[in-house]
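Okay, so chain A shows up in both of these, paired with chain B first and chain C after.
And now, the complex of A and B:
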């Protein structure tokens, strides 16, 4: 039993613990050289910074028409699809590696883009600028991110259609990230505030890639702890993670600093099976799962559905129907924060009842909430497929005319809207949802084994949870396919 | 030293992005739009009911009030009209000078070369129903002779914008849902739905509809006469009947006044026209273009009682002394 298992009392799956995974850095030495280069993160952020800057400008001075403005097309069609359907499931929080939001905050703290400043700041062996205050302990969770994300999503009908609103929100996030870096140490914005980071942390636990120590013993004997404290090769972990004990992807932003600072070359970039990290540590993470599930359902109704009244309610800033909007917001918030968790709690209670377990319902509720990760992630991917397949052709036209000013940079501005295989999208969504259901049940069994004593009891305990997963899948099938 | 060079390059690259991007955008925009001919850039904004020459940017669509385009051309001048829409699909149409109809989809650009041959003041319209302010989407295209263009004061007097009014916010009294008096409700509905943009201020008529057989849109202030109502007494009793919501066809067997049957036939014709619209308008020159102003259907906006309140309002304002 390793340290994590002792602390949580949860068994870590054998295929994870036994290191059956492939280390990409050993397999591809060139990749290792690239990731270890000090300028790696700067180079990978730079093009994103440029695109991000163009997007903010386009949101202000560009066309107000969403499908002709790069701010809407790139963020809510291209980026969102790449993030949720490609990056998160296959490469964990790789978006955080290239995210431009903390760019200026990092610059302020380090007063450098690439070079390392040695010095002493709290436990760090790096010179860091700013007030470097410690983030309040009672806020070291993702509750603010949960509420922030829910708030933003409440206004999604306007956020994802009005370039100006998208631009303002992104600009404010950039500003907040920078200001917070001046006050609090390291990446406090990314760790505790950024609404995107919140769901990335939850769903990255399902990713098929992880950055981990190679050998536990090397870390145990390591006196330097450069990965945590920093050294002349790089900065201490901006996410305050210590590689010697890190067992989950959730709070690793893949900044690759530890690859540079590890004095023993003991960091590997592993591939692993999907949803193999079946641990939920706190209720903040459980609720993130509920919120994401409720939002996926809400979006399916508002953005893909046919009910004009609900669409009208959600779009109050344009329709002026604020009475309807408050009804919509109340339904959304109560579903995400109360109704869906309450239903899940009921199924957890059934699980306890069937198994006659001595574990508390709360514990069963929390531990089983991991099934929301594969279930929710696949539902979000299923939701996102129509976005890119139906509206993806806008990307081709907007590349030539990013501001919607009638330009034709690459000769593709006149490319007509053309949905891709719309007749087959339902089947793709069906396969994705069933895959999510399959993973929810199979990983639920692993979780169940951690809670209950033997395989038979685990199977019995899983039954109500599998029922919950099935109900959710059927609900999504109704929303998507009808 | 090597590390410092990398750092300097990094700073330089970031500065190039931050400063260079807006410069490149502005430079490209300037060179891209460069043409020997005058370009008249018109953007349709449905929420305000205007075709405007103002720049419509994402940031100001919500906050800014756009000025309606009053286009001034000189006879024989080669220009390029660049049409776009900031929100929904519009159609730009200036039938008297042969410009359009041009279907303008949101965010797309349509460059139409145009050389005016006729001189005078012409009206342009949007001819697809584009929202609450659709009826307001019109303006003037003034084509001057070169002599008129050279005389600035004369040109200014000729080119003055004569199209009124502009679209405004809905009437609060209506949207608040309070129980308005029947006739006041009719008046406010007339104003709120922009009926006066075609039927004239206070329903006085006089709005020119090119190639329409009667030349101008019918007025509504003489509606009582068009409904064959004989006198003020009959008018008052009809207003009461309309207000109480009595089914008018049931009164045919027991008419409240002598000319009721004639009234009822006219009433039916007019209320149906309001409800279902009248898309076909008789042309003055049957071989020429369709008149751009047609009666739209109001069935989605007005209930039967709403329509009755408007009719009742116009019956009530008829001046019987001039009869």
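And now, the complex of A and C:
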């Protein structure tokens, strides 16, 4: 429990001190009542669970043609867009609030949909079923997620076009999550394995919303620690976060348990400015940033690009060109894990050179890697706009014929594919990229001040990083509109 | 405080737009309009040529061929959608703005009026990678891209300059 003992030296985040944030729960008492209800998470997961079930089924028994199958259209067009362009930037990990994947795992551990069981399980005051093993210390990072995500993405050309593959992958994730909940404590699957979780954690740190304690002193004096240990009102934090000191969005799955368990009503849902959390804790997080950036570039070339050869390489299961696939995979992995980080390292080195700082290049590299968050997130949003604007009309047709079997439930099955203002998306993408660049530089300066202390040095140290951000932005600009 | 922020925003926007303008003017090109005869071959899952560069004012005479299965040809920004049966020189074409009035033809004629990047996409489901089958027509001068590059560079300089000014001011006050 040393995690809890360390709580005395907490720093209050800048934005809280300024009192700039608005607590949505104070502003909207109804919202507070809803979130505090024990049944809240269950009720919001339930419809998703149903859709999830339909999607898995559709992938298996429905049409193998991706754009005629709800599994592909709903997951890779609708869900993906909502996730990356709306949920993550504005509402942090709100997807995790409603995600159906851990449903059966939670159910197993709690043996209840809603009810709370008191008891004793390790430090928890709840009775939890299963083995409740501790997750191994050396895996307490997001490296598995990094590698898992990169692996999945290597097969993305297959994943996003074959309903069957999408179903199998989702099904396996559900199964793995459930099995893991029987062995390891709480949401070990979510925290360390779920491939979606990695980028949700990284990018949600930029979100304009946060769930936090309201008053530090109340937490310091609090004996109950219900948020962490659970009590009769709810379960201890399934993500093992302790609200009394939590400073970042990254690993809070917004499950709303702590809202219920905190006996002092000391938790608020704040709005805040974009990208206001500027801390990268470890190399695992830095690399997540590199992987995401490299993938956004790779997809811009492979999926949104025009070159048929690369498409055939990525699509080896159909073309049989496994040699090409190997080249493509090798390029993808080496750029994500080595080349992009190496380029960034070079810029970090320049930063040290210019500032003549005594800080190690590694430290500069890691701290500055925060700029990958706004840069990458906005690039991903810019990348995702064409997906929904160009292929969004499939949502209309597939909703009437989810399995591609010739049904016409709502009379919209015949709706022809019709891109929406495709020739103006470039303007939107330009503005999005500029936004990412702007945040990368302005937040980069804040980060730089943390590294170099005095303002002049901070600005000098920022210059190479601004150069990196500029190059990345120009690259995306060329992919999108050049 | 508020006024300061507004002033900053105005400065940034001005510098960014100046950059955009500089980009547009610097890369501006005016080629003499010509006639171009183009044959576009569609094959799972790309077009050949996959990228064509033309100039504003050009007249394009486009023939479409599908070499394996039936493909489509939906050209952004020019209100053209075609369905190309495999291995035939004739194909069907329509104006999407005008519904489903398909016409049989063996050539599309386009007078290029707008600069920019316009993608042509397959509009007829042709296999697994169909949703990603596309080519691009770059029409010079591509003001959006040229201006975009200028804007991005201007924006970076603007931001850095503002930070520099702010630091200086902070020191002067000390």
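Note that in this section the second predicted complex is superposed on the first by the 465 of 482 C-alpha atoms of A that agree within 3 Å, B and C clash if a C-alpha of one lies under 4 Å from a C-alpha of the other, contacts with A are read in each partner's own complex, and residues count from 1 in each chain.
The definition used in the following text is that a residue touches a chain if its C-beta (ideal position, glycine included) is under 8 Å from a C-beta of that chain, and two chains touch if they have at least 3 such contacts.
No experiment lies behind these values; they were computed from the predicted model shown.
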item	value
First (chain B), second (chain C), both or neither touched by A:405	first
Touching partner for A:60 - first (chain B), second (chain C), both, neither	first
First, second, both or neither for A:219, with chain B first and chain C second	neither
Partner chain(s) touched by A:477 [first = chain B, second = chain C, both, neither]	second
Contacts of A:442 with chain B and chain C, given as first, second, both or neither	second
Which superposed partner A:372 touches (first chain B, second chain C, both, neither)	neither
Partner chain(s) touched by A:173 [first = chain B, second = chain C, both, neither]	neither
Which superposed partner A:68 touches (first chain B, second chain C, both, neither)	both
Partner chain(s) touched by A:162 [first = chain B, second = chain C, both, neither]	both
Touched chain A residues, chain B compared with chain C	C
Contact residues of chain A, present in both the chain B and the chain C interface	65, 67-68, 162
Footprint of chain C on chain A - complex, ascending	65-68, 157-158, 161-162, 302-304, 306-309, 311-312, 315, 318, 390-391, 416-419, 422-423, 426-427, 430, 433-434, 437-438, 441-442, 445, 455-456, 459, 462-463, 466, 469-470, 473-474, 477-478, 481-482
Footprint of chain B on chain A - complex, ascending	38-39, 42, 46, 49-50, 53-54, 57-65, 67-69, 71, 112-115, 162-164, 167, 403-407
Footprint of chain A on chain C - complex, ascending	16, 43, 45-48, 50-51, 74, 76-77, 96, 100, 114, 116-119, 121, 123, 125, 127-136, 138, 142, 144-145, 148-149, 151-153, 155-156, 159-160, 163-164, 167, 170-171
For the chain B and chain A complex, residues of the former touching the latter	3-4, 6-7, 10-11, 13-14, 17-18, 21-22, 25, 28-29, 32-33, 56-59, 61-62, 82, 84-87, 106-109
